[in-house]
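The structures come next, written out as structure tokens.
Each of the next two complexes has chain A plus one other chain: chain B in the first, chain C in the second.
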Partner chain A sequence: MTETNTSALEPSGDPVRVGVYVCHCGGNISDVIDTKAVAAALAAHPNVAVSNDYMFMCSDPGQALIIDDIKANHINRVVVAACSPTLHEITFRKALQRAGLNPYLFEYVNIREQASWVHKGDHEGATRKAVRLVAAGVEKVVRQDELFPIKVGVEPHVVVVGGGVAGMSAAVALAGRGLGVTLVEKGVALGGRVADLDRVYPTEERGADLVQDLTRQVEGHSRIDVRLGSEVVGLDGHVGKFAVTVRTSSAAPDDQDHLVRAGAVVIATGFDHYKPAQGEHGFGESPAVVTLPDFQAALRQCPASRRGLQVNGRPARSVAFIHCVGSRQIDGVHAPQADGKVNDYCSRTCCTATLHTIRQVQSRFPDVDVYDLHKDIRTYGRGHEAYYEDASRAGALFFRFPDEEPPTFAASTGGEYAGTVTTRDILTWGEELEIPVDLVVLATGMVPRDIASLIDLRKLPVGADRFLQEVHPKLRPVETGVAGILLAGACQGPMDINEACTAAQTAAVKAAILLANPTIELDPFVAVVDGERCDGCGKCLAECEYVGALTMADVEQAGATVRHAVVNPAMCVGCGACAAVCSPRAINVAGWTLDQFDAMVDAIIAEDVGALAHTECRAGVRHIEFAVISGGN
Partner chain B sequence: MAIPVDPTLIREIKRHGAFDVSACFHCGNCSAVCPLSDAQGNFPRRMIRLGQIGDRKRLLDAPEAWLCYYCGECSDTCPREAGPGEYMAAVRRYAVAQAEPTGLARVMYRSTGALAILTLLFAIVLGAFLVSIKAPAEARQWLFRLVPYETVHNVGIGVGGVGTLAMAAGTAGALRRFMAGAPRPTGTAVAAALRRTVAEIATMKRHRSEAASKAGPWFANAAWIHLAIMYGFGGLLLATILDFVFLVILPLHLTTFWPARIIGTLSGAAMMVCVGAAIRRRVTRAERSVGQSLAADWWLLAFLFALGITGFWVEVAVTLRAAGPVQDIVLLIHAAMAMELVLLTAFTKLAHVIYRPIALFATYLRAQDAA
Partner chain C sequence: MSPEDDLKILIITTMISSYPGANTVGQARLQYSPGTFIVRVPDPVMLPEEFYLDSFAKGIDGIIIMSSGSDCPYEGAYPRLSKRAGRVYARMKEQGIDTSRLKLTTICTVCKAAFLKEIREMQQNILKAKAA
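This part shows the complex of A and B:
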């Protein structure tokens, strides 16, 4: 057993009385696990006052059981053994709150995914496992302090970094919600990549029109401050109170830096076009090989004339489009990028963009022979497949090349056409074909922009693909690991305009929700320093990944000035890296202390629940309550 | 050895009736449902791909197009409505056009006007030729005032010669192409393949089994209609030959050879009824395979129907012992058309009479080799 301190009662003086509730989850749990046996086993625990099982704990009568026991039986800790905490942890916390108990004096034990579902054929084993898991939950909750959400004051202003369609969309949405916006654009004009596009799929609008429409909304809004030719060079503070330094290089030397206080930051820095390597499909070796963006520009400039399609002053009677250039690369087949890795992700937009361009060629120059060489066609969006089908109907010929054998181009000397594309074609049973072409268009993908200086300001999380990374692709799709810093558009990964604007408006809504009230409530699961145990060694500081979350400071303690670790709860994410290196156990994550873990492990390996030691309450229970944090840095 | 891609071939085939084939995205559904698809599951997708990449040689050397009875399952199943069945029909037209050296077939397939004009022109030439051989003196004199006898006669013989040569060339070419690359067969293998070919042609068993899945009475069933037209046509050919042998060659001085007469009448009736049924199927677009009729399709049916009408006209006239210039002219038209039909075999849809049996034979022979 771990050394436990049994010297004190609850701060209120009451003994620790745990209520245990084992849920049948319909039959999801009780068909495998003997829930009555689990409840009976836990009743033997010296701290457990009530132990029951019930059909559906999440139902109103189920919750009423807990509330009644808190009120009538003086239960002051609750353990629910049921499904997954992602489903109902908040449900039960609120039930505790309604009964007047601190909602964090609660432990959720998942005996569905972790016992009944994975041990369907072993009723006895699953039941034994459930008993130990619930016992561990009890051991944890008896060592649980009351916790209170962290409250942070809010600045009703947002800095949006990047003035493309995503950044502008986010800015307009935020300003429309009544928030102030500083829109920081590195270039000399708003619009970004979309400004370069002629027509955009699937609406066939002009890129310039889209940009103009958004620009007009941005510039016409009194709450949006546009800063062109500017960059973010400082990003201090935390959610609710960021201090952002915006540098405008073109301004007078003593007036370049501008400090903006903002409650949230939206990053919308966009993407770069992949630049093919020298010799990749003949790129750089022949004027007959161009990238898709270059071809689109040439197509836009080519007048309709009897001379047909002309690119770079040369006729293009036969054009081959090669997909997946710079995307879906394979180790050993493609040359690695600067970071030593290949771009193994799909750039998602190039398939439809290529087919859309093919349709433009076909409608303007119907005599041009069009070839499309792909690994797969991924026209996934609404209306995108029509471009594929229409291009096919209009005579584009499709070839499917094997992953490991990309097509090659060889210029011809004196031939009828500029050269030949050679490809192995899966649609022709893997035979090798030679296509006579005047022009090869490489459908280049998206790569992340070089925003290292911005990333370094806050150690923003970056994925294996080098794009900025969200917390969870489904559940928290536009939030970064740094609270209050949100993602909008292709800085996060390849997206088309539609998706980038969707992401931008999502980020705007997310920011608006954050800043809707004068204060933000954050989960209290952050690092806490026990001043009596901290010896100021600073090992924790070296481990902390989150800029500003942990500092060393001189504090007054018992009349003496001592050096301690100090946590900024608004910036701490509760990862626990600091706790892992603190030998005197002076720093812990609230709600997940090392003592709690020790007790849980002991409970799991214990033979008998009834033999676990009675725990009155751990010494030095502190009510961790944070004052409203209002200062930025 | 890399195959050069040639985009002109598919454009040419499209003009022969495969209007939607570019929409094919090679999902393979057609191969999954095709009754002819082999273990590799390439029928008819292989043909489509060969056309798309422009591999003329392999496309024309393959007997596949002639094995297809156009049941239409593939076209019904195609998610892109690319019409693989229509494509196979177009490949057959294209193959017919490629196999005859004059280029007439190509013109007739691609232009309805050219088809009509050439049909008429051939009919006139052959009619005049017949007049030059055997006709009342007034008719001959009238004709030879317009065109000298030698011209009429020589052009007629020339047309006959070209038609016959084209047929011979088509036969030889098909044998060569479809057998290309196959190992030299043994005598027993040839005999076995021939037996299978004759059995399939005589019974159309596979065609009937494919068509059996389609609902409807026998006279709406493509396989039965085709079988009856085929036997009707064969019966008429037999009756004509018998008549020729017994009435013209043998010195029997018969006025009517009754067995030939009975065979001819029954065959003609069967053919007329079934050509009518076939026309009805095309008019009502009874199923996918007759949903898209080109001039060349109408041409053959119309031709056979006209042949039947003029034939029965003559038969009735002979039975009633009616005589006169009208009867003579109808007989002339009938004879000229019959001659034209046979001589144009290698140039028209009727060419399948040559190519299908050879394709079946080559396929059966190869299957034996493989086994």
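This part shows the complex of A and C:
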């Protein structure tokens, strides 16, 4: 079991003294907002002891103002009104820390991106707004607790789930950084889908060679333990201390389950190819209609000979490639998938994969007539456009069909060709074309692999496209909402080999950073229970989606045993779903309490900052610190 | 001061999507009324029904919840928020509060036009209701 949080009210006895600092940001703010007037208005707040404006608060002299006031004027809360907190929140927290103040006794008010820059024509209005926003910041910070990072003991080992190129890349990168790795692969061999490919774009290397090279690195590394024919059936614990149960079905019955302790988990379970529905462009009804992966396999086995291109024992003199099969589907045009939704996302890789395949056909079988039927050509990667240009120069004919009118295929009986593809071509002003073909190749997209059992183990977030979801593609790529569980490759969405390996390296680096020290420091913004207020009703528990984050437990309190909610800070994600249903407000997210939000609204409404009540913040500072979490599950 | 600027509209934003979205609007120097107050939260699912009702009672004219929608990184949070908003609407009706004063929407980090549209619509709705 893990140790649970400790929180205590430690009255400091010191009066709450807030320092307010309004930044000019050169003139970015002060050209619109009267920063002196804002500082003067805030000086009237009963809790504000110092209120100043300054040219650049983020500069060294600006930070020194704060540090000096903390030391000389006994400021014990700080509000900075400046640019976005995404830029300098950490800068100012560190300044507080250098002055000996808890870095979380700080509030950042954005009066640049969300005031001066968006109200340029209304200086008075922008200034009035800034006063209210800064007053709200003051009201929030006077109710702020002293917070400390959550410290979690670390297991310097990572479980990588999936032995394709992404999983193997991640494993090699992690092992190279000194971490132990258990690589869990469901199949009987490493390599995943890349092993099925002949040549890969844009390097033209053989898929088998890539896999062989990576496999050699994986198998030759002493820190990587490969478990083939295995899957993850248990995933308990939390970042730094996961307990992962790996089941190998082929092992002896009493030796199938193997417990691995790991600090992080990288999921690299890949994707599945879309399987067209029966009758979709003639699929399943005629042997002349195949998918792109099947065609690539057939092409690999077809020797270059005078007989020309042969697929499934039949000549293919005229081939039509149809893009966007199973991708960019439209409600009402395409049949929904099993979950009732269409695949409206772009599979991203199939345009280049199709054109790359067309180039292979053209170079090996120059007599074959090639037709490319697309909605758009999306060859977005470096050098990918060359496949389109080369295919065009080599004689491929390109037709652009309307979104709502995909091409159709009709098999012929006894004709010269296997059938006819009919399409409307936007490029010739909507002309309807009939193309005689021996073969139709459907450029099928990627769909999420069925990993429901793995998802259920930790309620991993899944996006609207049913792929695993990262927290944010720019701000927190490859991270899931569960700390310590990272994504690598196409399990999070369609991507090519290059992108999958880049994502894998990213995941490996993030895991390595997490596990670089004996303890991890996590943000303290997690749920905290006030034992004196908790009545043990358990409503919060019903709201929590994260297994193990919140439990009910009997605890000793004032000489009696009482039942109340207990948070495991390493497993809580800080969403606050629990806080919303707690009538006595016994559970709150540290740093984001409901009392703080109420007070902020009061300040926004108030006509006079000076009339806001003086707050002594429960006669002191609540000091929320968690014990180092050292145990595993 | 225009009638729009005299309103007090609370905009609840999420740290991961709509708060950076509001920054994007600022970086583009797109203009909107100063009668808008952006509040940053980890996720709006943390705010109880009473928060909205109390805010209206205190004098907030309108509240726009700019959630992360289906992109929300917290499992189950958006469905819960959506249901909660439904219950708040029901209670607003019971209490005779115009339901157009509350809007649950989704704003991403680059949803500039949608961000401005939501503010404009909320202001128009409130002013229309006040005039009626």
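Heads up, the rule we're going with is that the second predicted complex is superposed on the first by the 618 of 633 C-alpha atoms of A that agree within 3 Å, B and C clash if a C-alpha of one lies under 4 Å from a C-alpha of the other, contacts with A are read in each partner's own complex, and residues count from 1 in each chain.
The rule is simple: a residue touches a chain if its C-beta (ideal position, glycine included) is under 8 Å from a C-beta of that chain, and two chains touch if they have at least 3 such contacts.
Just so it is clear, the model here is predicted, and its values are computed rather than measured.
In this overlay on chain A, chain B fits alongside chain C without clashing. In the superposition on chain A, contact is made by A:545 with chain C only, not with chain B. Contact with neither chain B nor chain C is seen for A:150 once the two complexes are overlaid on the shared chain.
With both structures placed on the common chain, the touch criterion links A:369 to chain B but leaves chain C unconnected. Geometry note, superposition on chain A: angle between chain B and chain C about the Cα centre of chain A is 100 degrees, to the nearest 10. By the document's definition of touching, of the two partners only chain B reaches A:432; chain C does not. By the touch criterion defined above, A:604 reaches chain C but does not reach chain B. When chain A is checked against chain B and against chain C, the one touching more of its residues turns out to be C. Looking at the shared chain after the overlay, A:135 reaches neither chain B nor chain C.
By the touch criterion stated above, A:475 is placed in contact with chain C alone, chain B being left untouched. After superposing the two complexes on chain A, the shortest C-alpha to C-alpha distance between chain B and chain C comes to 29 Å. When both complexes are aligned on chain A by C-alpha atoms, no chain A residue touches chain B in the first and chain C in the second. Taken in their complex, chain C has these residues touching chain A: 1, 5, 8, 10, 16-17, 20, 22-23, 25-27, 29-43, 45-49, 51, 54-55, 58-60, 70-77, 80, 84, 109. By the touch criterion given at the top, residues 84-86, 110, 112-115, 117-122, 124-126, 128-129, 132-133, 136, 459-461, 463-464, 469, 471-472, 474-476, 480-481, 525, 543, 545-546, 573-577, 579-581, 589, 592, 594, 597-598, 600-602, 604-605 of chain A touch chain C in their complex. Across the interface of their complex, chain B is touched by residues 318, 369, 371, 388-389, 392-398, 400, 422, 425, 427-429, 431-436 of chain A. Partner chain A is touched in their complex by these residues of chain B: 1-5, 7, 10-11, 20, 22-26, 42, 46, 49, 52-53, 80.
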